[in-house]
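These are the structures, in structure tokens.
Here come two complexes built around chain A, the first alongside chain B, the second alongside chain C.
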Partner chain A sequence: MELIKIYLTLFATSIKERMEYKASFLFYVFAIMTFYIGQIGLLFVLLNRFHQIKGWTMGDMVFLYSLHAFAYGFTNLIFSQLINFDKMVVDGEFDRVLVRPLSPLGQIIFSKFEVSTVAHLVIGFTALYFGTHLAGIEWTFKKVLLFPVIVGGGVLIAGGIRLMVTAVAFWTLRNRSLVHTVIFSSKEFINYPINIYNMGMQYFLTFIFPIAFINFYPAHYFLDRSGEGLLYPALEMGTPIVGIIVFTVSAFTWKVGVNHYQSTGS
Partner chain B sequence: MQQDNIAIEVKRLRKEFKLSSSGKGFLGKLKALFHRKHKIITAVNDIDFKIRRGEFVGYVGENGAGKSTTIKMLTGILVPTSGTANVNGIVPFKDRKKNAAKIGVVFGQRTQLWWDLPVRESFDLLRVIFRVSRLDFDRQMTKLDEALGLRPLLEMPVRKLSLGQRMRCDIAASLIHNPPVLFLDEPTIGLDVLAKQSVRNFLSEINRTEGTTIILTTHDMNDIEQLCKRLIIIEEGKIIFDGETGFLKQKFVHEKVIEVEFYEDDCVMQGIPGVTVVREQGCKKWLTVDNDSSGIGEVIGAIAFRYKIKDISVKEPSVESIIRNIYDNRVKLPLPSGKTIT
Partner chain C sequence: MNPKLFFKFVSISFQKQVTYRFDCFIGIVNGFLYVFIFTSLWKALYSQFGTTMHNGFTLTAIITYAVLVMAVRISFTMDDSIIYRKVMDGSIAMELIRPTSFFFMNLAENVGHSLFHIMARTFPIVIMSIFLFDISIPFEPVRFLAFLFSFLAGYILISMLNFAAGLLAFWFVEIFPFMLFKYALFTFFAGGIVPIDFFPEFLKPLVNFLPFQYMLYFPTVILTGRVPLAEVHSIIISQLIWILIMGVICNLMWSAGKKKLVIQGG
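Coming up: the complex of A and B.
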């Protein structure tokens, strides 16, 4: 209980810090919103162009996108500060995190307020609404209950991957290009059903870099699809388990990394 | 138990850093990518020491000697390559959070405060992070305010504070949880004389009244002279002196150093009696005057009479030069004990 209070205070402080520069804050919110309105527009343009891909209709794809948007939005909310983490290592700013009686990762997570999350969630809901209508999803009680579980598993996968590539900075110092490649470029892959790729790629996105579990596999369940994807239907509900595995491995890597931290001279 | 008495114990503590040398030029760098050559640097080389509760210890050495690396291992920032350390009965790099709750840390070069927020917000946040009750916090703040004059600074954002003001706030921040052990890494760096003095007064006071154990690294001889009864000198990762500051002061601080720069054609200086060359660098020489012979004035007179001098000045030796003296002496001319370093 006390720990929750401490983290909430830390979080509140980060918002206050952000508000110190009000004009910049407002401008940022505005820029983010504009960007995402553009994104939604783009999505519809794309979908109108391909009416169907490999048996996935426009509605199916919109739903696929919504799962991704939710997972990505929450991941951004929680782990956004990790994007700039290599700077903390290079400058030795991580020192100060280590001399406080709180988990280093907890301190970093709660030290930034990421406004763009709101936009991701707006998109998520928009896509969910249209996806439901276009694909005619029937929201049974079980589906409603499982939806947040799947999103949570997706957050563990996306967040775990982020944490893992971030931890690489403990060894290599600068790793921004790696972080950007893995986090931002890779997410384009799962904007489409992964069975449009060749087998090698499908295996890669399932077993090695398992982001297909964020939306592709669980979408089968919600869309009542059958018979596609690797090992159907064994992987359909795999998201939470894969999430826990990915995150555990990442947390361990992070821990080893912290002990490997070299600080800076003087 | 006897252990209760000991605040910090360090046993054969060692830290090595692996430096990967990148090659020269584009091809060399490309080669280095695939074929890395590592060089091991030993920053701290199997050191041992014990610090009792309530001691005020100066930990000095030249840049790169291993001071900060030692402090970082004792504060849990770095994990040592081998050896152990114990701070308040806790192994810092194994139990970081527990250790952090019982130590205060100030890095002169880097603030612990939230840059964009008023000082008060940082203090409040640290109060929550260190789980200090409102009552204890208010009591401690009253004390800190009295000694450091914090009140006028509380509503100012940290980024607008002067270096001296910021240091006062940083020191206060490190003491919010009233830790039994305080680590200070160059707390007076960049401060003006007045600010330095107020920081020193305060440190001396908490050491006396609270019994806080303090370990201070510094390049300022006055910090050491005024505050630290005990001095540990580290050089190239090894402790080369551990003893009373008074002893060193007696030997070196009152020994003046003459810094002379000669013209190039007159660089070799010979035959001035009662003078020892401590160090030379091109045509610049540092001399000490032997106690029992002629005074400083006479020596300067004799030099000026025989040689063409570009520049001359008389200096108090810095910690740096004292350390160098001790070190050089140890390596080059081991004198029988009792004799002073020349």
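Coming up: the complex of A and C.
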């Protein structure tokens, strides 16, 4: 109980910190939304000309995008501090975390909340609305129930990957560019259905770097698609399981990293 | 500014980059990842139709465009947070007492940064792509010369855009949202992902009103051979006009900003 209270205090402080400059915060949300609208706009430009991408129409693509936006929105909310983790290690700030009687990972996660998630959620819901409309998704009770489960699985996958790549900083200290490539640039892969890539890449995005489970595979279920993608339909509902596996492996790597950690002395 | 001094600054900034070798390797992977995604996307889109020509691009032409526009974009890599950091830590005061123009100092720093990325990232990515993808670049020395002019003009334009955006730090505590907003507009309107030719008619006036297409799209299409040589001079003249406009904006902002600036003793 006491523990939850402490975490909640950390959470509240981090939100207050973020809301210090209100105008700046609102403009930040606006800027993020402009970026995502631009991305969807480019999809629109392409589909306006080509009508579909490998059997995926605008509605399907927008739905794909909404799953993506939700998963990354919540991942940003929870795991944002991990992006600057190498700086914590280099500056010796991580030492402070270690001497407190709380879980190091818990402290890092609860010390910063990226409130810009608001922007992702607005984009997510808008895309969900238009995706449903354009693709004519029939929302059954089961689908409504499974949607949050899939998003949760996606958060575990994206968050687990983040945790894994930041844990590299325990060994290499600086890893900014690696973090940037693995976390941000790789997102670009799943802006499009992964069956546009060659087989090798499809296997890579399914079994080694499984971000295809964030949107591509579960989207088949919600859109009632049949017959495409690897091993259809065995992987359709794989997201929560893959999420748990990825997160467990990452948490284990992180633990090994903490034990390996030696202060930089700064 | 004295050219000798200018090149001295270029060389210092270049050497700073060389120290991050691991980052550079990741940078190549990162750039190549984008090339891979966009070439896959175009192949998937084109494979759906019997016709091989869309909006004036054959499949080979669009793949060539996708590779080269990314190459140009990577060559334009610069650190757009330099001015912000100088204002925040007060070292901008040093720039004010130096007998050299702050704009040219900043440009020199950018050029050093970019030169490194051209040698370490652009060249390897282009060479790999030539072997991996079906691309064709016309071999005409005059065209290549015209491209170099247009490329330089585009470079100066981006540099000015970043300079003006960085100067906003004189007025605002937090300029990251502005940078993100700039990035969002740039991503959509510069033609870095989808060439302007594919944009629907109703967007054309907006595209033509904004300077972004002169930064990536036009230098690239001059190189790929899409623009007849006879039209090249009018493109370069438009670029020069934009440099003039941006130059006036930068100058006004710089002189207004200097008056506004308060240094808090460091």
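Just a few scattered comments:
By our rule, the second predicted complex is superposed on the first by the 232 of 266 C-alpha atoms of A that agree within 3 Å, B and C clash if a C-alpha of one lies under 4 Å from a C-alpha of the other, contacts with A are read in each partner's own complex, and residues count from 1 in each chain.
Everything below uses one rule, namely that a residue touches a chain if its C-beta (ideal position, glycine included) is under 8 Å from a C-beta of that chain, and two chains touch if they have at least 3 such contacts.
Remember, it's a predicted structure, so these values are computed and weren't measured experimentally.
Judged by the touch definition given at the top, the superposed model places A:S263 against chain B, while chain C stays out of reach. In the superposed pair of complexes, A:R176 makes contact with chain C only, with no contact to chain B. Considering which of chain B and chain C touches more of chain A, the answer is C. In the superposed pair of complexes, A:Y28 makes contact with chain C only, with no contact to chain B.
When the shared chain is aligned, chain B comes close enough to touch A:L102, but chain C does not.
In the overlay built on the shared chain, the residue A:N48 is in contact with chain C alone; chain B does not reach it.
The interface of chain A with chain B overlaps its interface with chain C at residues 21. Interface residues of chain B facing chain A in the complex, by the touch rule stated above, are 17, 63-64, 68, 72, 75-79, 93, 96-98, 100-101, 103, 105, 107, 109-110, 112, 114, 116-117, 121, 124-125, 128-131, 157. Listing the residues of chain A that touch chain B in their complex gives 2, 5-6, 9-10, 13, 16-17, 20-21, 92-93, 95-96, 98-103, 259-263, 265-266.
By the touch criterion given at the top, residues 21, 24, 27-28, 30-32, 34-35, 37-39, 41-42, 45-46, 48-50, 52-54, 172, 176-178, 180-181, 185-186, 188-189, 192, 195-198, 201 of chain A touch chain C in their complex.
Across the complex, chain A is touched by residues 20, 22-23, 26-27, 29-30, 33-34, 36-37, 40-41, 43-45, 48-49, 54-55, 172-174, 176-178, 180-181, 183-185, 187-188, 193-194, 198-200, 203 of chain C.
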